[in-house]
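Next up: some structures, all given as structure tokens.
Each of the next two complexes has chain A plus one other chain: chain B in the first, chain C in the second.
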Partner chain A sequence: MNDHAPSTGLKILAAAMFVFLLAPVLVVVPLSFSGDAFLSFPPSSWSTRWYGRILAEPKIVAAFWTSLTLAATTMVLCLAIGLPAAYAIVRLRIPGAAFLTSLFTAPLLLPSIVLALAILIVFARLGFIGSFRGVLAGHLVVTLPYAVRVLATSIAGLPIACEEAATTLGASPLAVFRRITLPLMLPGIAATAALCFLVSFDEVVLSLFLTGPRLSTLPVEMFHYVETRTDPLIAALSVILVVITLAIVLLVDRTAGLARTFAR
Partner chain B sequence: MARAGTAPSQDKAFLVLHRLRKAYDDTLAVDDLTLEIAKGELVAFLGPSGCGKTTSLRMLAGLTPASAGRIVVEGRDLTHVPPYQRDMGMVFQSYALFPHMNVARNVAFGLEMRKVPRGEIAQRVVEAIALVRLTGREQRRPSELSGGQQQRVALARALVIRPSILLFDEPLSNLDAKLRDEMRTEIREIQQRLGITSIFVTHDQVEALTMCDRIAVMHQGRLEQLGTPEDLYERPATAFVASFVGRTNRLKGIARGDTVETGGLSLRTCGTHQGDVVVMMRPHRIVLGEAGCVSADGRAVNRMTGCVIRTVYAGDVVQSDVRVADSIIAVEQSNRGSGELPAVGATVTLSFLARDTLVYPAAP
Partner chain C sequence: MSAVALSANSPKNAGRVQPMAIALLLPITIVSLVGFVAPVANLLVLSFQKAEGTGALLGGFTTETWTTVLQDMFYLHLILNSIATSLVITVLTLVTSYPIALYLHRSRGSWRNVLLVLVISPLLLSAVVRTYGWIAILSDQGVVNRTLMFFGMTSPIRLVFNMTGVVIGLTEILMPYMILALLAGFGHLDRQAEEAALTLGATPFTVFRRIILPLSLPGIALGSLLCFVLAVSSFITPKLLGGGRVFLLATEIYDQAIVSLNWPVAATLSGVILIIFGTALLFYTRLLKSVM
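== the complex of A and B ==
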């Protein structure tokens, strides 16, 4: 694949697609530096004050920390649940492995609005609405399918002979996992962690149903904010989110190799 | 418990496989494999793919659990010992080097698992890498090495733990022909120098014949014959061994005493037989030409005339197919550079000694 230089036509097409996909995101950047009191493009004056104003919105700041904690917890739990699940499905070939795979990936296929409504009905009875564990449980439902999928692919691609070689060299099953399996799976684990974090961090639909006055996530707060306010603060916030996302993707790329982790 | 019912020559046998069996859902991959191997021997498990040779090796290593039977090394029953406590080194067909470790770390792995002191590890790793002639490449990653070098790292990694038995699973089949020859010599030399008991799984008869002290020929999960390369070639125990090791002519016939009637021919054979049989003879034991082969006893020579239907010039040898009565007989002559090729359509005389025939009961 690397031997062939892409043709000029393909390059132009790719460039057009990039502009199409990224232009809306890029418009946000100048907007965030607007000196106006309203969102309008192009801005009539420039300022960085909207970035400072974010900190003056306690609801937004609180929601930001909630989202960060939520995404980090979701990520850790996804790995803690997804890794053994994927291992059992791929390696141990437990009875019902195919069923388990479908069960784990089913939430991906359901319209999230339907899923959100169903979870709302169940959770309302349990008193989970507006609580951290309630939103966390909801987020796990939508992030676990990604975790199991990516980790299962990663495990399936491992050379079993390497683990067998380690075994014959005297490594106990635990030592094989720690010294061979885990290091070889690192790209898959990094990809899973990043994916789960990002999916949880900008989840809107489920969160809209599951959050309440006591607890809100950043995307939900942003949604509410634009419903009532029209100043460029939201653009500044968007730029910060883009930067965070980009930082995570770059981190994965540097540590594990992006093409290797996602494009399998 | 290792001693009960073990074969008598246990004091001599270093490794004993006793009625080893592997059953999958509806097939027997290995069926009642029983054999003994002496200390320092290099034994090949030879057979076509699916004959159970790799499964047997994996049972030995403990990577595949045995369905029945016992594995005994130096009087110790290892059948239910987990693979990481068996003390066997294994060299894999795919090399199975750890891609995230450099050469030195790969080789050191087994010693680290054995909690060998750090100073000793460093010294033994240096020795092992020198043994396989890779000194200077300690810091390379496996992906930076050629196939042959990777296989030598795998060998060093298995040797450095000083295993009781070294297991090779088709280690040369991913190498090109020239490198394969070199590695063959190198592995044999190291194995003999260290006097390490080894089992070498291969489907390549040349590999088995040239490298190994003894060869176990396997077919459909069963041991067909265990013997020296010469035993196998000169005195094959079964029709399968005769046809798998070396080339053979194969004729069906009916035996009466020392004569077999086959396709309009009457052949003198070695020994006496009765009923439906298969007669085999090696193409290069058949002499082409008027002079033919001589024997003190004239009756012990088979002599016949036929028509050449195909001739292949293969460099060192010339192979011809000759139609004799209703049969086609392959003949191989060494190329001495003097004679001309037998012309297609020419009438030629063939002769071979009765003692060069192999006769087996026909398969039912």
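== the complex of A and C ==
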């Protein structure tokens, strides 16, 4: 025990709890290759037919495209709104910066069900329910806190000396931002973009309240599917989503890592 | 108009920075006011209003919704049931997460990083997917019941679409939060104190009970607060794993808002959740003060 190593008892206990923690994920992958018509594990036969069946569900396919467009729009708007805000909070010595930061990140502290209800009631009066702009506005409320937090941390970590040197040499503030601050921030921007995209793409509670019969997102359709039917289709869909999520995370790791080496 | 802090410091530029700052902060302020401040304020006001049977609001100020909710046996039961269930889930999450956190704290190198990624990765997966996984595991045709039947059980035990399923599912879903909170708190652990106790003849269990456990109390308190708060307000898992037979605060808010369209009652129940949040936070601060 002197070498700080965990004891055998702890190892066994931790391993058992790890199995419990990863159980739902470990089950979903083999289940997606089930040949059965219902949820049964282990499956009695194997096939890839559930992957094909996804395309035969028009609601799921439509919701997938809605979610993709929604997440991409949310991501772009998050950067367009969050970047100036984070810059102003960190670099322009405005009074009440601490208060503004907590105000802009406050939506994260509220339980999502309470926030969803609050937004539903106001948006219903504005006629926003079941419309793209309504769901988009709702997603911005929950993604912007992440954007502000990550971008502000990113800006605060930049060496201010480079910006000051450029200013001294006569560069305009805009040129300084475009030629120095922005390139240095690339890893932070990539991380923010991925985070906002994934949070929007996965968001379900808020979307359940704000979507309607005319417009639905993928998590909402999956929720309703699980609520009414129990077959392996959602398992196949889940595996596809896990692959997409992993691809995004790896892609960001690559670009952000590359950008970091360029910045040095 | 210089944006760098260097020139923003000088009195000449101090006044000129303001319009630029306002312009940069305007979009996010609009989103915050329209999408957060106004809705939340409106929600609190709404809980003091009354609605007709059709859902139309009557306006005016009344505490009727609050008194109705707090006197109705159904809602009282619902509130107490939600608190009790969340407490059970919090304790179970702590018990299942503690060994993993302690193991991670004691392991080193790349193996530790791999395990840490495994702990965090479920967070990247939607709650719908993880709940669905639990339905597959716990249903009558699932792994657990198949195994039990193989060993001679005659009929499957009901593990889904009831409270048991909700508790199991939520415990697993909240584990990553608890593990991360515990890991953050384990910084207080002192290896030398443990070794000293062992040298002096204490059993490993005594060392755990008298040294490791007390020193990790701040992490336990933080993780428990986090999990309790998330359990009280969780909605997806109780709705899907409860199969419409488990009634908790969050599921009732959804039903009142979407199905019954009774917004004042939904708003009041949201207020109840916020009060439970505040109480939990108060309790946590008190506890932390007495421990530190």
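Throughout what follows, the second predicted complex is superposed on the first by the 231 of 264 C-alpha atoms of A that agree within 3 Å, B and C clash if a C-alpha of one lies under 4 Å from a C-alpha of the other, contacts with A are read in each partner's own complex, and residues count from 1 in each chain.
Everything below uses one rule, namely that a contact is a pair of C-beta atoms (placed from the backbone, for glycine too) under 8 Å apart; a residue touches a chain by one contact, two chains touch by 3 or more.
What you are looking at is a predicted structure, and each value in this text was computed from that prediction instead of being measured.
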Partner chain(s) touched by A:L184 [first = chain B, second = chain C, both, neither]: first
Which of chain B and chain C A:E164 touches, first, second, both or neither: both
Which of chain B and chain C A:D202 touches, first, second, both or neither: second
Which of chain B and chain C A:A175 touches, first, second, both or neither: first
Partner chain(s) touched by A:A194 [first = chain B, second = chain C, both, neither]: neither
Partner chain(s) touched by A:L144 [first = chain B, second = chain C, both, neither]: second
Chain A residues touched by each partner, larger count belonging to chain B or chain C: C
Contact residues common to both interfaces of chain A (with chain B and with chain C): 164, 167, 173
Chain A to chain C touching residues, read off their complex: 1-2, 4-7, 10-11, 13-14, 16-18, 20-25, 27-28, 31, 38-42, 80-82, 84-85, 87-89, 91-94, 100, 103-104, 106-107, 110-115, 117-123, 137-138, 140-141, 144, 148, 160, 163-164, 167, 173, 176-177, 198, 202, 204-205, 208-209, 219, 222-223, 226-227, 230, 234-235, 238, 241-242, 245, 249
Touch list for chain A against partner chain B, complex: 159, 161-162, 164-173, 175, 179-180, 183-184
Chain A contact footprint on chain B (complex, rising order): 61-63, 83-90, 92, 94, 96-100, 109-110, 113-114, 154, 157-158, 161, 167
Of chain C, residues touching chain A in the complex: 1-9, 17-18, 20-21, 23-25, 27-28, 31-32, 34-40, 42-43, 46, 96-97, 99-100, 102-104, 106-108, 115, 118-119, 121-122, 124-137, 139, 141-143, 146, 172, 175-176, 191, 195, 198, 204, 229, 232-233, 235-236, 239-240, 250, 253-254, 257-258, 263, 266-267, 270, 273-274, 277
